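The following pair of complexes shares a single chain, subunit A, combined with subunit B in the former and subunit C in the latter.
Let's turn to the complex of A and B:
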């Protein structure tokens, strides 16, 4: 550093008239390197978002050649639509129950895989079994659970055999059970990611802390409360906020299992928006719904960023 | 050294930026689909190729290019749902491929949007004789889609289940159907008489499995001037009949979220005795259950009805993009597909019925049930009132939701039809 600065200055000195341009060029070099990334971000993220926001303030865009500015009419229409409010309610239930269950299951299985009580081979087998749901694509998961939850499928057969139900339950086809059925499938498919992340967190907790706590005469529950949970807190908060964001965007699973039905009982913000756009061709209200979802997600993203800063 | 790195760094940075700009410029470039030697390349987006035996569609396309060396066809094949979405976004951005495969349910919206062109004027320009065409889908008197191949939806009957239930003949009336379905459902196990897919993700069940009962008895869901007529006695009879099947517990459970493929699977597995389904699934059922004894028949009509029976159909339709710079060449390609010989070949390999009324599909190597279905088709008339309607998928979905309410006891048939009528009236102006 001390060597290069004087050399640079001595080389620059003779070319005094061209110096400002040379400095400008030097300053632009990093931007030259960044240009592909900046361009991709602008083309793939900024432009679509700006376009969707623009669409949401116009009369029915895309399908009308000369759409006009409509102010907040599309937002009013969406926010007063009973189907949208039902979708909002269903989404809230779906994402909150899914996230809590992902967290509880993920932490439970992660602790099981981290325990010293099981042998390495046993833990390896459990690890494979627990991770399996994460290996399937959503399409396969939807097909599997449609078969399992069929009124004459395996789940009902087992429940009838052990006497828990008298006749086959119509899991996806009954408005009373459909939301819980899709939530269950989402929990099943999503907990392994929590498990892996929390397992990594558990393995990063220094053994000294547990030894010190043991010396203080703590029991398992006290160690869990006062050592494990505080140490995992940053991971748990990050994962929970991210999961809320991801789950709120879940579309494929709902679409391929219930399609938002029956009777709107599993309609989510994602399926509502899709139907507005690709079934009703109401791209303006679909855009307004998408912007509302974006704003809601940004609230979650704000908490995520804040939790990351705290770390 | 520092100088060299700095210079190299600046050079690389500048080149990177320049390359990026050049790449973007290249992405936006359009040669208009015409080569320097005068050869025109037509893009043809469709879902047909994926549903035909491997290489067969390419062979038909190659024949065209051999006859027309100055026209190249670039096939853009994707599954049905992807094709729909791609065409929708392409229509919005005025980047539709020159020739597009169409479903009758999309035509109205594409035509109103100005995305597909008026084929009537192209026919006139080309001095094309349209008398060979079995049908044309028109909006405001102009043709926007020509059905290339039609797929009808007859009644499929599992003969073994029917015989086991003690029913000798395939039902021909609604009364006989209810009786047969009841007897099949009473035979025990998980077997039911019929399946009704009312999934709202793809609500085709309303068209194929509900309105088909109406059309089979000569009824209509529209008035003479094309307005919704859902509160008519015929539509009410149809919905009440479907409700009676539900009340008799002859419908396979899970109807409210059942998809078309679930229905076919249940039929293949012997879990339902009868279904209304596309002829295209005959080979699939034969592959899955080679020993199953099943038949196809005309849809049962209302008791006492003696008129012609409508039989639901779906089409592989074709249209031309309004933004295409090569409309004349595109129409040449369309007229090739609609020619007697090519259309017969295409309908034969697709296991469908030709859009050219002079074309005869070759049933020589086909399943005998295709010939039976063709006879049913010729005795009745193809009926699908959703073709050409605006937002037809949405119309089906809103009707499906009302029917779901009826079947779950949430509303009466009258109230459901009144609600559906109101909804449809706001769409069909």
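Let's turn to the complex of A and C:
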């Protein structure tokens, strides 16, 4: 890489005539343009990650003046905490169910919006309606669904009217339903991003592939299995991994609907870590949890980068 | 022939039914928020539920817009989101220019680092940020929020702007250099003006990210003078008696900027967004 660079940069930035500049100065030019970015990344990411790793091996951090080295004690404390293990389990359910549902809904809606049977205007109107949930901030989504899922709210009214439940269910307040309720809300708020990307993917599939398949006398399902899905596969794989990562970051939705309760039933890695730091002021334990969350994300990110390479 | 036509009609009925059902799933909660914001608080949970009630009024909006504390939340959100957008575009244009027009050592490494920032969990960053921002004296200030929001907006903006500049022919900026200009003038006189459509899309998305950000706004501010809209909505929710109609009115007012930006720039924006998500 270093060997090819000078040749490439000469081609990219020929010296202005009449203004000779040293090669060293010319080579430094791109770094000049990048310096604000690099500075921000160092301050906002490199330094903080070093700090949080440092905190995680110490005790009495942030709130007290003199911290002491603690070895792996914080990690042992976190990894043996039943609340943390519950959070790990809940997060796994939450992100996997959300991602699968986002994919299924996103693909179904994208295919309906891509139909040749309706006019462009009709499709454009439906498209805006379908994107709506994605345009609201999580705080708004949290209050909407707290209103709808209230024991005397409209969702319970409808379910009681059709006889599915006997009395109003406290969806966010009952340990048996809370995790499913927050997952449902996350599905509602997150599918449009999948849908938009898959819609673009569908529109990029060459029409002659379908024509050739139709000539072979295939039915709708065969065309879906053997043309649509293989063509969308790269988009689906990278979107799914990205969604797993982003859903695992979800904090605001949980915090504003259930707060991780009742009885830890919706505690996630993010809410667990937040509570350790900003409710318990156990910044050292919180840092150990934060580093574990980072490592788990790195595993997902590794798969993301690999899926990108394959393309 | 008749059979083909019948099948086509059946398919159309199926698709329209599916689209309407999906549309209700997506749209009804939003409609209910709008309807609740126009009710009296006592009517919110009346049975059977009604879309429009006798107490139909804009009082909830009047309450929110007449309240100095709430207005301050809006002002704060606008200040932070605009500042984040301008700074992000400025820094990202410079970085995008470097990535698009130069080849240099460690280019791939720096690029990979920028992409990987997107995967770092905010909850991991918020703990050291708390220590760092307090140490820098930026706790409970606009500067603290603006700086930390950029960790989310910058990677995306750089990737998008680099991709956009890559689509512009090199002859465009080379011609300036042949006339004796520098890369700097080529960037600002030629490339930036030509890139306005791409910069608008990136700017809209940046504004949305900053406007919606919750975790950092929650932990790095303390007083009502610095709180942003998402925190304001949560504070309304935390009060003893739930004023549902006001919470919904505040939610709608808090969503207007993003909705307007999205509707104005929809086409360009969706295209840019998918390009970023699919190709990077």
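By our rule, the second predicted complex is superposed on the first by the 288 of 311 C-alpha atoms of A that agree within 3 Å, B and C clash if a C-alpha of one lies under 4 Å from a C-alpha of the other, contacts with A are read in each partner's own complex, and residues count from 1 in each chain.
Everything that follows uses one rule, which is that contacts are C-beta pairs under 8 Å (C-beta built on N, C-alpha and C of every residue); 3 or more make two chains touch, one makes a residue touch a chain.
In this text the structure is predicted, and so the values were computed from the model without any measurement.
Q: Using the superposition on subunit A, tell me whether subunit B and subunit C clash or fit.
A: clash
Q: Quick check for you: in the superposed arrangement, does A:128 touch first (subunit B), second (subunit C), both or neither?
A: In the superposition, A:128 contacts subunit C only.
Q: In the overlaid three-chain picture, which partner chain does A:187 touch, first (subunit B) or second (subunit C), both, or neither?
A: In the superposition, A:187 contacts neither subunit B nor subunit C.
Q: Touching A:173, do we find subunit B (first), subunit C (second), both, or neither?
A: In the superposed model, A:173 contacts subunit B only, not subunit C.
Q: Tell me which partner A:70 touches in the superposition: subunit B (first), subunit C (second), both or neither.
A: Touch status of A:70: no partner.
Q: Look at A:29 in the shared chain and tell me whether it touches subunit B only, subunit C only, both, or neither; answer first, second, both or neither.
A: A:29: touches subunit B and subunit C.
Q: Pick one for A:278: touches subunit B only (first), subunit C only (second), both, or neither.
A: Both partners, subunit B and subunit C.
Q: Does subunit A have more residues touched by subunit B or by subunit C?
A: After superposing on chain A, more of subunit A is contacted by C.
Q: For A:146 in the superposed arrangement: first (subunit B), second (subunit C), both or neither?
A: Once the two structures are laid over each other on A, A:146 reaches both partners.
Q: Please indicate which partner A:251 is in contact with in the superposed arrangement: first for subunit B, second for subunit C, both, or neither.
A: second
Q: Identify the partner contact of A:240: answer first if only subunit B is touched, second if only subunit C is, both if each is, neither if none is.
A: Once the two structures are laid over each other on A, A:240 reaches no partner at all.
Q: What stretch of subunit B clashes with subunit C when the complexes are fitted on chain A: 20-28, 56-64, 74-82 or 164-172?
A: It is 74-82.
Q: Which subunit A residues lie in the overlap of the subunit B contact set and the subunit C contact set?
A: Common interface on subunit A, subunit B vs subunit C: 4, 8, 29-31, 33, 36, 43, 62, 146, 150, 152, 255-256, 278, 283.
Q: Please give the residue numbers of subunit B that touch subunit A in the complex, ascending.
A: Within the complex, subunit B touches subunit A at residues 2-3, 6, 9-10, 12-17, 20, 24, 84-85, 88, 92, 109, 112-114, 190, 198-202, 252-258, 262, 271, 391, 393-394, 397, 401, 404-405, 408, 410.
Q: Considering the complex alone, what residue numbers of subunit C touch subunit A?
A: Spelled out, the residues of subunit C in touch with subunit A are 8, 11-12, 15-16, 18-19, 22-23, 25-27, 29-30, 32-33, 36, 44-45, 47-49, 90-92, 94-95, 97-98, 101-108, 110, 113-114, 116-117, 119-132, 147-148, 150-151, 154, 158, 174, 177-178, 180-183, 211-212, 214-215, 219, 229-231, 233-234, 237, 244, 247-248, 251, 254-255, 258-259, 262-263, 266, 270-271, 273-274, 277-278, 280.
Q: Can you list the subunit A residues touching subunit C in their complex?
A: Touch list, subunit A to subunit C: 1-2, 4-5, 8-9, 12-14, 16-19, 27, 29-31, 33-34, 36-38, 40-41, 43-45, 47-49, 51-52, 55, 61-62, 108-109, 112-113, 115, 117-118, 126, 128-133, 135-140, 142-148, 150, 152-154, 157, 188, 192-193, 196-197, 199-201, 235, 238-239, 242, 245, 248-249, 251-252, 255-256, 269-270, 273-274, 277-278, 283, 286-287, 290-291, 293-294, 297-298, 300-301, 304, 308.
Q: In their shared complex, at which residues does subunit A touch subunit B?
A: Subunit A residues touching subunit B: 4, 7-8, 11, 25-26, 28-33, 35-36, 39, 43, 62-65, 146, 150-152, 168, 170, 172-175, 178, 255-264, 275, 278-281, 283.
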